[in-house]
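By letter and in written order, the chains are A, B, C and D; residue numbering begins at 1 in each of them.
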Amino acid sequence: MKDVQKEQSIYPLSIEVVGIKDISYPVKILRKDNNFQSTVAQFSIGVELPSNVRGTHMSRFIEIIERHKHNINGETVKDILKDVRKTFDANKAFIKLVFPYFIEKRSPVSRNSSILEYKCGYHLTIKNNHIVTNLIVTVPVTTLCPCSKEISEYGAHNQRAYVTIELVVKDFIWFEDIIDIVEQSASAPIYPLLKREDEKYVTEQAYNNPKFVEDVVREVYTKLRQKFKEKVGRIKVIAESEESIHNHRAFAVIDKEG
Amino acid sequence: MKDVQKEQSIYPLSIEVVGIKDISYPVKILRKDNNFQSTVAQFSIGVELPSNVRGTHMSRFIEIIERHKHNINGETVKDILKDVRKTFDANKAFIKLVFPYFIEKRSPVSRNSSILEYKCGYHLTIKNNHIVTNLIVTVPVTTLCPCSKEISEYGAHNQRAYVTIELVVKDFIWFEDIIDIVEQSASAPIYPLLKREDEKYVTEQAYNNPKFVEDVVREVYTKLRQKFKEKVGRIKVIAESEESIHNHRAFAVIDKEG
Amino acid sequence: MKDVQKEQSIYPLSIEVVGIKDISYPVKILRKDNNFQSTVAQFSIGVELPSNVRGTHMSRFIEIIERHKHNINGETVKDILKDVRKTFDANKAFIKLVFPYFIEKRSPVSRNSSILEYKCGYHLTIKNNHIVTNLIVTVPVTTLCPCSKEISEYGAHNQRAYVTIELVVKDFIWFEDIIDIVEQSASAPIYPLLKREDEKYVTEQAYNNPKFVEDVVREVYTKLRQKFKEKVGRIKVIAESEESIHNHRAFAVIDKEG
Amino acid sequence: MKDVQKEQSIYPLSIEVVGIKDISYPVKILRKDNNFQSTVAQFSIGVELPSNVRGTHMSRFIEIIERHKHNINGETVKDILKDVRKTFDANKAFIKLVFPYFIEKRSPVSRNSSILEYKCGYHLTIKNNHIVTNLIVTVPVTTLCPCSKEISEYGAHNQRAYVTIELVVKDFIWFEDIIDIVEQSASAPIYPLLKREDEKYVTEQAYNNPKFVEDVVREVYTKLRQKFKEKVGRIKVIAESEESIHNHRAFAVIDKEG
């Protein structure tokens, strides 16, 4: 059969990325407690295409996922990327996977247990055999408005907010440790299960810790730098607040090299 | 050219609905202030298909929208539905369109003006020449938790919530009048623009009016029945609250015939 | 602490459903090959609320999920529902969970293996101790337009389509068996991994089996009735086709009692 | 009232962007035919925040939109950005708005008219009084696989694909002219309304013009450079194909400075 992809390209232009996206696979992620978290990841994979080749053999991306499917986690994802680079003989390649990640949480007073969903992921690029690894984590938290608290006789508007971290890591870092920092930097953490004594506790905790999205990104950024020091490079922190008094989001972004 | 759709169906089964969906068109909606609101509507249209016909001529749905496109609004949408019924010689047909709808709001103290987006729509069905018209409205509001307020020494968790109304109408009703009732039944309304004096006002207003989603649906339902009386049939009220202390939604649904 | 939820409601109206939604939990689903599929499910759970009670104790829904979390599957989901009914002393209750479900597929010629994602789920309601169980399955397939093939000298437009089945089951039925029927009723099944000889095969297979969405729902419905007979009650079949020559979807729905 | 935002920040860190997002407003966009297209835009607006200031006065973003709301279009959006920069006394600021944009299309043979939705937008940044303007356009098209056509005895898989252009413009460019180039570079354009003679035409047109996503991005990029020459700087072209034989997307990205 003719291999159409191997033909010469009509327009002699390199293509920065060619690949597949929106493909889901069940994966296992190593947890800090040494167990594996079974979850479902969405993958994107791609390579650079030289100017003289017409097309990529897309089915090979799936073959690579198949080869690695029984052991996909934060370490082995580097092997997948190397496999991509080698299979396609590409100078540049990337892989990104995002998945729900679950951590058991105990409510602050009654100590009831439940599990909370975080969105986590890896985004790796390779160029001339040099790999850059990004960890991605989104943490739901509560923010309570400092201005609303200050100017009102009682109460203060508060809401769910989402803090997303993108971290260039040079060493191993647990999602759990990043999440801890974020939850300590918001007005209050979020829990699936709260009994009345817990609800009283987090209500008052949030009221005692009013935070703008600006406060959150500065505090999270500073604590990440302090904790991980030379283990991390570039840090990006995004906080988005689903304002309870508005129908839009307030957001803040810190994005700095190490 | 052969008309494949007109062939006999292999399996002699009637099909409850055949149609098109996810098609957007610019429309104009008559507002209570007698101006027209230009907006963009997403349409679904369909008909019942008898057991002996293989397929529907889907392009005719688009032709019908084209015929009516310069005058699509809450009244003329009935003419579109009649046109569908007639063009397809169908016993049953439906049309549904949903669109963002904008209303100017003045902030409660500084009286600053801004415009808030609501999701509105029409859902009409025809059967044996009898039309049933549903109005659909989704209103963003603030809810403040009565339990959190009662048990906490200070503060109370609050959040954005969405109240959706589906109303079988027998007479003309303005979206604006439905929205008014919903905003008066929540802990506080939502505004795009609030200056500090306004923020103080709505913060305290919400604290003074704690509401569960259960309270909201009961109050909205009761007020809709009182206001519109014999103008409405079935009323469905859904309240969904983006809990600020959890990562899930609390919801309540009232759904009763008139 | 005061129990605000137990107060009398101001408006003496029963509420059809009160509950929580958009909560994710890792679950294990029993597969036809007798292994368990680890995946992530989104839950909604709710109960009817009598007219004299102000509010539901929402945290109990989470406690129930926690009690059952180590063994959530298609059979045990009934126990969760019974637990809900009992815990809340409710006349009516429901539980719905949907999750990605993965099945290994071999490509038709080269017999290469890869795994395809389906959306599956359970929707159970209980009323006066009578449980009704719905299976939900969405299957991606290819549809090739019979009209386009008939009138064109060569080629025929084709596209990805999604077939959703909602099935009232009175006995145990595997998702795998429903999916088989759907894949045999489309123009061609879909595979994650196809080598060139496979691509030739499915291209020609689709061209040889042109199907309207109307054809698909009729064939799927008929085959489901034939295969499952008295094991099923009401069957709803929805086919939605992402038309490659349009920017909207064509759809057809069959919805019939047994 | 105390101005909490004006306080010193606890952590002396500049914040790259602070702003609001997910806010919708009705807008009018000037069309190539000199009429105005009424549509609904989603806005994001933000500024850089110096290290010594605690918070931004978010309500001012809304006031700015309010001041300009009666005349928001591709030219005046620059005035909004200047107003943002001035109001916040910020060194850097950005504004992004995206909206459905509608163009009348005549079907290729029967010349029937209908209107097709494109996603368009502007993304402007200002830094030290220098404005960079990005046009954004997403065009739905048909792609037919060259490999599938070549290796199959008859037929070829085809599907809807989306081509997104991000263009740094130094002069005025119409969305319409960008869209034309994209539609001429795919296997076939897409139309809402096609009668049978049109369906035959586009089916055969697509079969005669097989294109990989790699072919599409190269051809679109080359034609954009040829047509707009020194009017444009950086050009990014993304093509994503909803593969009809798979359940994932194939994609290609060209992203080059002028």
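The definition used in the following text is that a contact is a pair of C-beta atoms (placed from the backbone, for glycine too) under 8 Å apart; a residue touches a chain by one contact, two chains touch by 3 or more.
Nothing here was measured: the structure is a model prediction, and the numbers come from that model.
J.: Strictly by the touch rule at the top, which chains does subunit B share as contacts with subunit C?
T.: A, D
J.: Starting at subunit A, how many touch steps does it take at minimum to reach subunit C?
T.: Graph distance in the chain contact network comes out at 1.
J.: Which is it for copies subunit C and subunit D: same residues on both faces, with over half shared, or different residues?
T.: Same, since over half the interface numbering is common to both chains.
J.: Comparing centres built from CA atoms, which chain ends up most distant from subunit B?
T.: When every chain centre is compared against subunit B, the largest gap points to A.
J.: On a C-alpha centroid basis, what's the spacing between subunit B and subunit D, in Å?
T.: Each chain reduced to its C-alpha mean, subunit B and subunit D end up 29 Å apart.
J.: As a quick test, compute the distance in whole Å between the mean CA positions of subunit A and subunit B.
T.: It comes to 35 Å between the two C-alpha centres.
J.: Please tell me the distance, in whole Å, between the geometric centres of subunit A and subunit D computed from their C-alpha atoms.
T.: 26
J.: Which subunit A residues reach two or more other chains?
T.: 1, 23, 117, 147, 151, 192, 194, 196, 200, 247-248
J.: What does subunit A use to touch subunit D in their complex?
T.: 1-2, 4-5, 9-11, 13, 15-23, 46, 49, 54-56, 58, 146-147, 150-151, 212-215, 217-219, 221-222, 240, 247-256
J.: For the complex, which residues does subunit C have touching subunit D?
T.: 116-117, 140, 142, 144-145, 147-148, 151-160, 188, 190-192, 194, 196, 199-200, 202-204, 206-207, 242-248
J.: Which residues of subunit B touch subunit D in the complex?
T.: Subunit B residues touching subunit D: 1, 3, 23-26, 37-40, 59, 62-63, 65-66, 69, 100, 102, 112-115, 117, 192-197, 200.
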